[in-house]
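Taking it in order: structure first as structure tokens, then the write-up.
Labels for the chains are A, B, C and D, by order of writing; each one numbers its residues from 1.
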Amino acid sequence: MLEQLKEEVFQANLELPKHGLVKFTWGNASAVDRENGLFVIKPSGLDYEAMKASDMVVVDLDGNVVEGDLNPSSDMLTHAVLYKHFPQIGGVVHTHSTWATIWAQAGLDVPAMGTTHADTFYGSVPCARTLTQEEIDRGYEAETGHVIVETFKERKLDALEIPGVLLHGHGPFTWGEDVKTAVTNSVVLDEISKLNLFTRELNHFAQELPQRILDKHYLRKHGENAYYGQN
Amino acid sequence: MLEQLKEEVFQANLELPKHGLVKFTWGNASAVDRENGLFVIKPSGLDYEAMKASDMVVVDLDGNVVEGDLNPSSDMLTHAVLYKHFPQIGGVVHTHSTWATIWAQAGLDVPAMGTTHADTFYGSVPCARTLTQEEIDRGYEAETGHVIVETFKERKLDALEIPGVLLHGHGPFTWGEDVKTAVTNSVVLDEISKLNLFTRELNHFAQELPQRILDKHYLRKHGENAYYGQN
Amino acid sequence: MLEQLKEEVFQANLELPKHGLVKFTWGNASAVDRENGLFVIKPSGLDYEAMKASDMVVVDLDGNVVEGDLNPSSDMLTHAVLYKHFPQIGGVVHTHSTWATIWAQAGLDVPAMGTTHADTFYGSVPCARTLTQEEIDRGYEAETGHVIVETFKERKLDALEIPGVLLHGHGPFTWGEDVKTAVTNSVVLDEISKLNLFTRELNHFAQELPQRILDKHYLRKHGENAYYGQN
Amino acid sequence: MLEQLKEEVFQANLELPKHGLVKFTWGNASAVDRENGLFVIKPSGLDYEAMKASDMVVVDLDGNVVEGDLNPSSDMLTHAVLYKHFPQIGGVVHTHSTWATIWAQAGLDVPAMGTTHADTFYGSVPCARTLTQEEIDRGYEAETGHVIVETFKERKLDALEIPGVLLHGHGPFTWGEDVKTAVTNSVVLDEISKLNLFTRELNHFAQELPQRILDKHYLRKHGENAYYGQN
């Protein structure tokens, strides 16, 4: 079942090491089929070289395995919670990519300091808090998803306008309308994390992008008046 | 029409990801045919893997598409303004290359701190100001070109002696007598941006290159008494 | 003799430059056969391109060469001491990998600042002291091993829970249940060294990971209640 | 003439971009034939892809071209002066490699902070002063060589014990008993420049390597009691 989605998810997972975002098995990508309420995710801890499209695991939005002989990614329940609470998204990616992980370890939001950021993220990328002991005991991976959802709700953020988050002390999650876009957003998030870190090193007083430039760049690529690309 | 120039522009665009200056479609290169008053530029948002020489778009210096089925790069009007006001230049390149973008985000000129810089840029590479709301409303891309031209006029800079600029909060534009040189200048600008950032990290009191060394290195490669290379 | 172990050690040594941990011949990997009390190690100073599995040298735990025409790695006696005093380990790797070496040169323990660290190292990676003149005279390489063992004993560390160490002014040693795991642990140690350095640059007040998150991540991958991977 | 030396020099020049030390034509390697008092050097400004072994230029120690249709590297006279004044050396390499150039731009000696350094350089790598206007007028490239020689004489350094130098505001020169070793020394100098820069970033109080460790590491690889490798 869902053979095409499995192929997409398989390819998306392979893209992660190609873009230098993932070493060994430190990443996972998934995509959802909204009609059937199912998503497809990478199996846990499998070498990227040995992995086949048919190894992808099919899971429902409560995290029950529907098809597949292998254990799904240990982060599967985080993906499930994101699909449940962000109905606009079609794909999710988790990595420990170097520069985004550095901001996550620093416990800081990534501010919008340039148009590379503004072309994809319409404002700061938030850093979500660490889990309490109680939340860890209740279920680490599902609660991680709930803390992300809580962060977006409290800050009144739109999940498609800010298609990513940092987990304090851990690393980034990104998403998008499909899994290919989620991968692209992981690449962008890592690059802007690098740009902004060294911008601050170079000039401690560097400012965030003026709102008018943030608007211009985000809106020339997204929304009804977008004029970037061939559409 | 302009088949050879299309091929040159196509190859120049492919060089950008090869040199690590561009991810995805975040860059554009163009070249001008001065006799016909036309230039050739990359189409907007097209994957580099899928792109062919015949996809290049032909535009006049007012930005009217003369030939091509695809939309030109969204930054096309910036290129047009540069060709109009800098009659010595033959090619233009725009990227979000990491280290040059960091200086752009920091809002700082790149000072001439070494001979790697002096071999190509005869002084600081200026950082041009952000656009006002009024300029954005009038036309973001054309006005970006005008701000570059304004910067060179106010600072009395020669576009061939300083073949590049940073846009505050955005990234670099470079140019040259042809598009191949414009690509080379983008590589140089990114490398000197990296060198200078870490020079300042290592020694906060590091000085700019003495004028006599700047002169010596620039002039042994450029101008009538140059003696570098095989000419 | 030990043909399979030679092949494993040979492959492990080739992995080091592939992962960017080693330039030229600046690294060495070994694996032990506990039943026979012998270990297999890379020869000294041989080009990785020219090296064959049959060039691997077989040594006993006192450092006597048992088989092989070539000199073993000059660090061989350090490996021997580690195998003698850490009976749980099956493989050892030494490199001068960039980021771990930077922490070694700085003379600092690598603190557990993120889950990338906690997935492999259950706490700080210690930096062992430099040798005294007397120790150097007694035998630099064997005494280096003894200083590592002393460090683990004084700090009451378990060699499998903290499968690596820094040598002050020198670089990292890692180990694991087998040589493949020792290589993986070298990759992890270098990456967390990079992550933590820039985390501190970005936020001088960044904290170590809370104990509850360290526990959760280490224990979901290691020990009897682990649930990561396919086992 | 000197066909084998041409091949060695050609290969050494190709190694420079392979090791990431050189972009475009920003580097040059040469080797000397002491019996004939001639050296072989890369031609000036030629693309590495187009270059052949037969393009190498033969020059005498006063810098007169003895064989070859192409102009020699514009830095040829610096090489000539080094061969004349350092009779122990057989090969010379000049690059603008990133991390060594950063120390050159910072105008600082590279201190011996680790064993990666001590395995090749027996103490700090000196940074030579910039040339005066008078020296530039007298002949920039030859005088650059003289300033290097002056630096070694004033500091009482042995050119084989410290096989490299930084030129303030410019970049590194390295050398060795042959050109292959000179290339290796360029790789080492760039790597230790990177290691030491970030060591200082991480720990402003990091110390130089104790003399006893510097001695041990340098002397286990060099001199009559060396025991590294297969000799």
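Basically, contacts are C-beta pairs under 8 Å (C-beta built on N, C-alpha and C of every residue); 3 or more make two chains touch, one makes a residue touch a chain.
The UniProt protein names, listed by chain, are A, B, C, D = L-ribulose-5-phosphate 4-epimerase.
The model shown is predicted, which means the values in this text are computed figures rather than measured ones.
In the CA-based superposition of subunit A onto subunit C, the rotation angle is 90 degrees, rounded to steps of 5.
The greatest centre-to-centre gap from subunit A, using C-alpha centroids, is found for D. Two copies of one sequence, subunit C and subunit D, touch each other mainly through non-matching residues, since under half of the numbers at the interface are common to both.
The centroid of the Cα atoms in subunit A and the matching centroid in subunit B are 33 Å apart.
Rounded to whole angstrom units, the spacing between the C-alpha centres of subunit B and subunit C is 46.
Of all residues in subunit D, those touching 2 or more other chains are 201, listed in ascending order. In terms of inter-chain touching, the protein chains here make up one closed cycle, each touching precisely two others. All chain pairs that touch, listed by label, are A-B, A-C, B-D, C-D.
Against subunit A, the residues of subunit C that register as touching in their complex are 113-116, 119, 184, 187, 191, 194-196, 198-199, 201-203, 206-207, 209-210, 212-213, 216, 220, 227-230.
Of all the residues in subunit B, the ones that touch subunit A in their complex are 23-24, 26, 43-46, 70-71, 74, 96, 98-99, 101-108, 130-131, 133, 136, 140, 169-171, 197, 200-201.
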